[in-house]
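Contents: one structure, followed by commentary.
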Amino acid sequence: MSEMEPDVRAVQAAEGLPAQAGPPERRLGESLHFALRNPKLLIGGGVVGALLLTGLVAPLFVQEGPNVYVGPQAQAPSAQYWLGTTNFGQDVFAQFVFGLRSTFLVGLVGGGIAAVVGMVVGFTAGYRGGLVDEVLNMITNVVLVLPALVVLIIAAAYLQARGIALQGLFIGLTSWPWVARAVRAQTLSLATRDFVDLARLSGRRAHSIVFREIAPNMSSYLFMTFILLFGGAILIAAGLDFIGLGPTEGVSLGLMMHNAVTWGALQLGMWWWFVPPGLGITAIVGSLYIMNVGLDEVFNPKLREL
Amino acid sequence: TGGGGGEGEGGYPRAQTLYTTGTQWGPPANWNPIMNWEYTTGTVGYVYEPLFLYDPLAGEYIPWLAESEEWVDEDTYEVTLREGVEWSDGEPLTAQDVVFTYELGRFESVPYSNVWDWLESAEAVDERTARFEFETPRYQEWAYFTYSNPIVPRHLWQDRTEEEVTASANENPVGSGPYLYEDHSEDRQVYRRNPDWWAVEALDMRVAPEYIVDIVNTSNEVTQRLLTQGEVDLSNNFLPGINQTIEGNPTITSYFEEPPYMLAANTAWLVPNTTREPMDDPEFRRALASSIDLQQIVEGPYSNLVEPADPTGLLPAWQDYVDADLVEEHGFSHDPQEAESILAEAGYEDTDGDGFVETPDGDPIDLTLIVPSGWSDWMEAARIISENAQAVGINVTEEFPDQAALTDQRAAGEFDLVINNERQLSNTPWTYYDYMFRLPVQDSQNTVNFGRYENEELWDLTQELAETPVDDTEAMRATISEIQEIQLQETPIIPLWYNGLWSQYSTQHWGNWPSDAEDAPHYLPTTWRNYNQLGAVLTLTELEPAGR
Amino acid sequence: MSLDVNDLAVYYRTLRGDVRALDGVSFSLADGEIMGLAGESGSGKSTLGKSLIRMDARMRHVAGTVRLDGAELPVADDARMVPFRFHQVSLVPQYAMSALNPTRRIGRMVRELVRSRGVDYAGVHPELLRRLELVGLDEQVLRRYPIELSGGMKQRVVMVVSTLLNPSLLIADEVTSALDVSTQRAVAEALAGFRDRGFVKSMVFVTHDLALVHQIADTIMVMYAGRPAEKASSRTIIEAPRHPYTRMLISSLPEVGVTFAGKRLQGIPGRPPGLLDPPPGCRFRDRCPLAFDKCAEQPPFAEVAPGHWAACWKAE
Amino acid sequence: MLDLRQVTKTYRVGAFGGERLHAVRGVDLAVAPGEVVSLIGESGSGKSTIGKMVLRLIAPSAGAITFEGRDVAAVRGHRATKEYYRRVQGVFQDPFSCFNPVFTADRVFGLIRAEYHRSASAAAWRARVEEALATVRLDPAQVMGKYPHQLSGGQLQRLLIARALLLDIRMLVADEIISMLDASTRIDVLNLLGDLKARGLGILFITHDLSLGNYISDTAVILRRGRVVEKGPTGEVFAAPAHPYTRRLLSSVPQLHTTWEQADAALRAGGERACPGCARGGQPGAHGPVELAPGHHVGCFTAQD
Amino acid sequence: MRRYLARKILIYALTFFVAVSINWLIPRLMPGDPIRTMLSRGASGDEASMERMRAYYEQTFGLDEPAWQQYLNFWTSLARGDLGISVWLFPQPVTEILLSAVPYTLALLLPATLLSWVAGNRFGAFAARSKWLDNTLLPLGYVLTATPYMWLGILLAWGLGIVAGWFPTAGPYGFGSIPGWNWPFISDLVSHWFLPFASLFLVAFGGWAIGMRNMIIYELEAEYSTYLEALGAPRRLVRRYAFRNAVLPQLTGLAVQLGTIVAGALLTEIVFAYPGLGNLILEALNNRDFFLLQGAFLFIVVGVLIANFIVDVIYVVVDPRTRTQMQGSAA
């Protein structure tokens, strides 16, 4: 859970930088050029893409739901059950692909909400300044020190039925503070740029200055932030699932891991039940992080290597 | 391998120490035998002791602190204590202590305070004899009290306030039992053998382990690791897949060598909310009961670690009370066709063609079966039950609310179907009937009759049973048959399976564990709270160091 | 002859090909000479400066040699350049304001830097203090963090640090551009003072402000699009430039007293050519009022008068 | 047209705004139509602050700014603000930072259109833009649709001026608009300002380069630490600087045909004259503006305030 | 400096107040009745005596009072350092329970956090701009940070504990050990501590290493680095300087991350049955132990706040920029 460490890195990196690194030279084309040549981005993106595709497409080919008892119990991987079966005879592969789907969903919802909240708070605090800034900062600090997992544990228990989207929502609502901080710092520095003043001289309103002038300048950065939040949300969700506070319906990779552990998969040597979900999570999140560094190198000419 | 630790200086000698786990869910914090929901493993049994033990496997009461008992007349009960029993501080254990213990029940916060609803007086006739006069002698319940309530030392407790009696940790417990409190920390507690235990002389009995280390429960996964590493000798946890371990690992055994491997500890019930339509209809309940394929549950999530319950729901230990003829006549079993025909006959038909039946009034049926989230075996069972019910056209879906939320809903009667196994093995089926039929129904039903089933006749019979002397098994059987007749027809609550008395032991360091083998001890192999009184403590007297 | 640059060409590697930022530069610098390097933005001034001390990863040495005090400067070889840096060639960078590590006290930074170059710090410490005093800073600054100093102070600190080991060549790149007039003057005069006191033998003073550079420089080299256009003594460049570009540049400078109403000055029309794929021949051809056919051929940077070089067919 | 009266700006700085920084103090000045007023001073003397106050990007702490008789502080609300900007516009020092790097440079025109000329047809608008570009002598084909980094500083700076011309402006605040430019481009931009002035615009020309201030301005205002130390017709101020500070400043300006030594010599030759204002009835070091000649004021203030 | 600290303390105090209030509120919004949960663990379940006991214990815990009164009581007892009595581990005072659990959590958290931070930063700085390390070892770092704590923990437990048999996998020390200051016990303690520590360390290590790598690349490109290089400073010195600056944001990162690192420790504790706050919180939750939950929460919040404060102070000490800004030296 909680492994949002790299996020912070990116924030810091960004704080140390002018918001848009260097005068953009033929930005789009050039970015694309580097993107296509950046092994980190390609590998990371490739893995994430492949898993996403699996999560989207493979469930369509699984006839029965992931929790249906379809086969013999505790079978090792075979041609029929690619990843074997669980203690109860559920198809681990089916669970895995459905789990991928929910895992991506949690990432999307959690990461999305955290990104939106963090950005709104960050933009507002950074652009408005003054009292608004102080108050928002305070809120950010409070949320920051409240250990997200603990809040989530409590929140999870509070919800009687927990869906994946709801889980994502709660994760999103607790993991935005560092984004807010980072976006605020970025906004502060961008707001001193002359083009912001110029937009004001053109009669623009505050909100359109923020969203139409400032935000586009941070778009690559915001995108990277989202990716990190996405990965973070997946890890948090896995942590919650693991201690039994996961969704009460459906499957997710974390839940699979939880089930495998509670049902003694390790004890029984059923590695095919325990390993894939953990590996899946690690692969998704790890690839996201790698992709992020790749993106950083693409967007930031200073980091490019010729 | 790996750190059983502590051998040699500074540790408990492995060969003389028994490691147990499975009871204590948090740091040991309470040694107060009165607070029977709270005290740490062994407080009663190891340290404090009751007058009698009840051995459910043999079906008999074992005099323990008491030497004998006698109903002098219908309303008068006299118990005689053994000679020479002493508290671990050297004071003698007398009839005064027994009387004092029951007098404590005058405090409303004492769990057995309801004894005074029908007990009139308690007095010490002499040093070793205590006499109890009853208003209404509830023999069954009294027998339950005599073995389940431990006796506390009057000389140490008499000045205690209610708060000290029912809200204090009672550190440094002084009892009469085979062990003395030695030490505890966050995740364990240690007992040392009491060299002066009365039973050594009186019964020529010795508890084998010099030390008992009870390990606080954590996750199943950890317990499994500990068991595999030989760090734990007795685990009373439900460990899925343990059957395979038992089969595959010669050093890990259980009571039975084959399915269900474990003794039965309680019945899991499917409780329909009888205040709601259509669960108020016995026919519907019966159809539901017939739809459930218990075998699928037993083989699926439980991998045969449990057995399907008898239609009466009575535990195997009470087999004697099951009226086989009645079961033959009115019992139910998995039979989808039967279920469908019951439904059809009672007017439940699928009128709107959605594949699910509607009530005779044509209202759609849409039931929810709730099971606490995280109780994975039950969750799987609930899935199977819903599937089974849907297969016969009853629209049941499972839901997994948080446990506490479920408890709220259950107490308030705001549910359709719920699974519950609250009542444990005891000396009498009366405890089960009390659980099923207790009246009147309160706003909040916290421990019994969650289905809010109202049947005066059954409740009267239950009370009659309560007032039947425990040794009058004939009378008991008669009353129970009457109860079963109605119960089987009404099916107010559907028995599902027997939850096991989860016990798996490692023979690496200790042998002669209870099992159903001829020459093995036949006691309960468990450290669960209140099970020492069910003879589990005797298991300790039978253990032998391995390799002997 | 302290510095002798011969036909130096340095390109930037980019995605779209080489940017020929420096394309055949030759000049020499005498002992004690301060050479002002002027020219429009992008003409390759900084590139020249960097080439003489440290090329960054994107720069590629294509041709040419550099000799300093008679020894060859291995400008293309980063590792072999190391012994020369600081000791022989030193730099006051364009970004002097941010050249100091923000989290180190200045004194400590200097000490560590000097030691890392194998010089006994105790030996140079008194000299350091003396030179700081010379530029109007007291010993205190060594105990300060860069952020505690004003821009002008930082600039002067960097000057002192860079010249501490008495290099023969100092490259000062736009050191005054960010300063206001009074500070600008102080810094520029301090630099000249360093040369006078022999702290540095010779100096390349990069700026785009001709008015400033002629105040302190002995000679001025004007660059245009990666090539030298003209080099001569300051006075000559200001008063008798030969290259049309220089002339137009000078005539576009307003002076105190000249007003819009009185005398409307003219800029140079057009823009310098892109260096990615520069046109052959004289690179100023497109903007040059004097351009003629021969300009399709690249004019040599030839000595048109003693000490006066120009790259124009019409400079004779 | 534009009047600043006793305008003061105090920033809160330091740890959480605990200290005050007086960036501008009691500044009086006026700009008439067709007049270029140069605001000249060292870095940090408060020039940009004044410019920003005129442009309503920051609010004065005290004093009043009036534009065409109306108090600028009274301009409230989105509509009124827009109307104000229709008349008063600014161009800033760093042309690169004035353009949003992620959009094409001509977006600055788009903004104006979106806010002010919503109803104009595409063709009419295009014509307008081309006209404005023609005024700043830019070839539309060269600049339209290009990203800021593809244009030179001079081109960008001119685009910004063209942008201002799309509105019906009366007043232009030009904040150091040439200091980032090459010598040759610089003169072009200056000439352009001169042309605008000829069209009747009032220009507040902010610079620290005295030679440039001198080139086009009618009135020079010398700022020092937020105060006006000298103010008067440009020719007079440059030819006969009254305040010692002005004189020192002038002598530091690098000039092509005068070396610093010569300038110093000239300064010494003129003698270390005290501020003539003091002689005219002010306490040395502590008198406000004193009029030396018609329209030529000098003020001197104690060092610390 | 003093003003800065005063102001920070004010912010922290406010944060504390808000956090504590939320903390008080959240468990009370949860479904479930703690008293019933507590009593229902008992075996007997006579409905009548149960009701009586409920009333009695509700009063004992003050849960029969109106919410605002409970809130006030909460603050007054908090002021006395009294966090109430645990429902789950009745009648132990919450403070006592926590005090015996906190050392275990700290024993994992402090070394894992600090060592991973130091080691990760060193390694990241070392690997930066080295093509070889960048392409071989750093991906390992990415994978490590992306690993769910518990998954890694369980893998380690099975791999190094059960299969290899090198380490014990549960508890803070052998269940047969008697605590004491002797070698066997200490080595026992360390061998139990190692795996949970290692799993926390590894995940965090990967994160910091990558963070440092990314940061220091920026710093190596910074102008002060270029200047040093232009003056021929050896690579070591340049890196050392860059490191110093790159470490600063890492320090902020540490503060920002603390809350989440704590969460990771909780999960690890659960995997290794380490009797710290993690297991406690989970069980307190299952048992609806408001008071214990609140207490645990409070401990964590205060811990995180203190740690944040320390980081803030360290930051001020090591980064002169913040100090100067605080003195407000303008211009």
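Just so it is clear, A, B, C, D and E label the chains in written order, and each chain counts residues from 1 on its own.
Definition applied: contacts are C-beta pairs under 8 Å (C-beta built on N, C-alpha and C of every residue); 3 or more make two chains touch, one makes a residue touch a chain.
Please read all numbers here as calculations on a predicted model, not as lab measurements.
Asker: Through how few touching steps can chain A be joined to chain E?
Answerer: The distance in steps between these two chains is 1.
Asker: Which chain's C-alpha centroid is most distant from that of chain C?
Answerer: B
Asker: Measuring centre to centre with CA averages, how many angstrom lie between chain A and chain B?
Answerer: Computed from C-alpha means, the inter-chain centre distance equals 46 Å.
Asker: Need the CA-centroid distance for the pair chain B / chain C, whole Å please.
Answerer: That pair's centroid distance is 92 Å.
Asker: Could you state the distance in Å from the CA-based centre of chain C to that of chain D?
Answerer: Averaging C-alpha atoms per chain gives centres 31 Å apart.
Asker: Centroid of chain B to centroid of chain E, CA atoms only: how many Å?
Answerer: Averaging C-alpha atoms per chain gives centres 39 Å apart.
Asker: At which residue positions does chain A touch at least two other chains?
Answerer: Touching at least two other chains: 157-158, 160, 261, 266.
Asker: Spell out, as numbers or ranges, the residues of chain D touching 2 or more other chains.
Answerer: Nothing qualifies.
Asker: Which residues does chain C have that touch at least 2 chains other than itself?
Answerer: Counting only residues that touch two or more other chains, chain C contributes none.
Asker: Considering only the defined contacts, which chain C positions touch chain E in the complex?
Answerer: 53-54, 56, 81-87, 90-91, 93, 95, 98-105, 109, 112-113, 116-117, 145, 147-148, 150, 158, 161-162
Asker: Please output the residues of chain B touching chain A within their complex, sorted ascending.
Answerer: 219-221, 224-225, 228, 239-242, 244-245, 300-301, 303, 373-374, 376, 380, 383, 399-402, 404-405
Asker: Mind listing the chain D positions that touch chain A in their complex?
Answerer: 52, 55, 57, 78, 81-82, 85, 89-90, 92-94, 96-103, 108, 111-112, 115-116, 147-149, 160
Asker: Considering only the defined contacts, which chain C positions touch chain D in the complex?
Answerer: For this pair, the touching residues of chain C are 40-41, 151, 179-185, 189, 208-212, 214-215, 238, 248-250, 252-261, 264-268, 271.
Asker: For the complex, which residues does chain A have touching chain E?
Answerer: Touch list, chain A to chain E: 1-6, 8-13, 15-17, 39, 138, 141-142, 144-151, 153-155, 157-158, 160, 177-178, 181, 231, 235, 238-239, 242-243, 254, 257, 261, 266, 274, 278, 281-290, 293, 296, 302-303, 305.
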